[in-house]
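Chain lettering (A, B, C and D) follows the sequence in which the chains are written, and residue indices restart at 1 in each chain.
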Amino acid sequence: MSLRDLRREDFAYAVDIPTRWADSDAYGHVNNVIYLSWFDTAVTRMLYERGVLSLHDCPAIGLCVESRCEYFAPVEFPQVVDARVRIGRMGDKSLRYEVGLFLPGVESPAAAGHFVHVFVDRRTRQPTPLAAASKAALADLVVAGV
Amino acid sequence: MSLRDLRREDFAYAVDIPTRWADSDAYGHVNNVIYLSWFDTAVTRMLYERGVLSLHDCPAIGLCVESRCEYFAPVEFPQVVDARVRIGRMGDKSLRYEVGLFLPGVESPAAAGHFVHVFVDRRTRQPTPLAAASKAALADLVVAGV
Amino acid sequence: MSLRDLRREDFAYAVDIPTRWADSDAYGHVNNVIYLSWFDTAVTRMLYERGVLSLHDCPAIGLCVESRCEYFAPVEFPQVVDARVRIGRMGDKSLRYEVGLFLPGVESPAAAGHFVHVFVDRRTRQPTPLAAASKAALADLVVAGV
Amino acid sequence: MSLRDLRREDFAYAVDIPTRWADSDAYGHVNNVIYLSWFDTAVTRMLYERGVLSLHDCPAIGLCVESRCEYFAPVEFPQVVDARVRIGRMGDKSLRYEVGLFLPGVESPAAAGHFVHVFVDRRTRQPTPLAAASKAALADLVVAGV
């Protein structure tokens, strides 16, 4: 199955991300780099909402070790992107998120890809296991066999 | 009256802008530059909604010739900013927008400032008058004597 | 061969990209998204220098259809990144760039990945062949069998 | 004297900042917000070079409380901006930087403005005096009567 075939219902988490004027580049549509910022934002927002990360008092932080995006359709200001997230692999110290970006009224994604976090201790930056409570809080997002 | 004394009710236009993870800088709160991106986004979104600008078929574009911001309080991911806009001066070929950024549950602004657009022809980049229809579409946002 | 094994001498094009203060995120190092912006900048700068693209009078533009990055080491302000580019596949209407980002005094890359441009007509946005002159201008960057 | 009359020789500190592809917005030139990012970068780089700030072990950090920019000319990728900094007011706990952005071969600035840092303790975020050594390290940048 190709990324282009992903649909909204393939993802259990969703958040709306409005475009910003400065997101566009000289070609008049949103620059490819911004899509990755939306991946980053959707994933981190989900982790905050589920209590896996927090800005100040969380001993672990998630460092991005890999990101990938395929671009299928342009996005233009002032569109609002429906960013969807699922977890394709839950490891002991890492998570692989799969993300789809959808535009209003369009069934297939404008872009899709993945993003891998390794969890490390905030101070030592050494890999650290995900807490059992964190794994439980994310369980409904995990998909099998992707 | 200082910018810090501005309140939500001083502005006739409002739009929510969610923070993005990459908005923060190494001090852990949103970087000062991003606030200006929110000004830019709130103003341009308002101009699109009112039909003053559009991405493709509009003969005029608004070029920023001046911006200024005072910062009163930090903003942190994943807060959502309530961006408010009014027009402090409507010239023949320019608009001075006044913008306040408000955080949930806080009466005084996290930041406030202004932003001046000169309208120019999209091709020649020479100043061009605002259409009467545009002025009418913005009339309710204009405040007196600021 | 893994991306981590790439070395400066594996790439024929190089450009220095200084970090900016706002590149860092709340974890104190450069946000993952910015690395992709460096890919984008190094590649586009190379295309401008070789005369393949230009801002105003070029009939073709390059649209990013795929990007991927592996992150090996953090980058911190005010470090200057040595961005290196080569071409892993030269198609009739597309180019696959391979990019490595190197920090001063370090042999292995801080990050590496690829980036695919499809060339389209600026107006119709339909795929368009790369000119023979463009292909010739890029020939020294093409590597075999990656 | 207007900001437009500032010249390179009015500033004692200079750093080159290359444009990035994503700096441009849909109008084809660098977005107004990016200029402020260049202010931020030039000032912070200067503070690092002079030993006033550092990423990790510095007890004080500089928070931006005010920024202002006047825009005189467009900047386009891949231009390199010559960013110049001086200090218009050195307070006990704050610095007002004045910044000019110059393009190759052009005498007058493409943009100019200012930026105010209040220095605060990294942990308590309470205002803290600039060390005498910091003031001495910046003395040559201070101009009188602006």
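FYI, a residue touches a chain if its C-beta (ideal position, glycine included) is under 8 Å from a C-beta of that chain, and two chains touch if they have at least 3 such contacts.
These figures come from a predicted structure and were not determined experimentally.
A repeat of the A-D interface exists among B-C, A-B or A-C; more than half of the contact pairs are identical by residue number at B-C. With respect to chain D, maximal separation of chain centres occurs for A (centres as means of Cα atoms).
Spacing of chain B relative to chain C, judged by their CA centroids, is 34 angstrom. Distance between chain centres (mean CA atoms), chain B to chain D: 23 Å. Each chain gets one centre point, the mean of its Cα atoms, and the points for chain C and chain D are 29 Å apart. Across the assembly, chain C contributes 21-22, 26, 28, 31, 33-34, 37, 40, 55, 77 as residues in contact with two or more other chains.
By the touch criterion stated above, chain A contacts chain D in their complex at residues 21-22, 24-26, 28-29, 31, 33-34, 77. Note for the complex: chain A touches chain B at residues 16-18, 20-22, 28, 37-38, 40-41, 44-45, 48, 55-56, 76-78. Within the complex formed with chain B, the chain D residues making contact are 26-27, 31-34, 36-37, 40, 55, 61, 63-71, 74.
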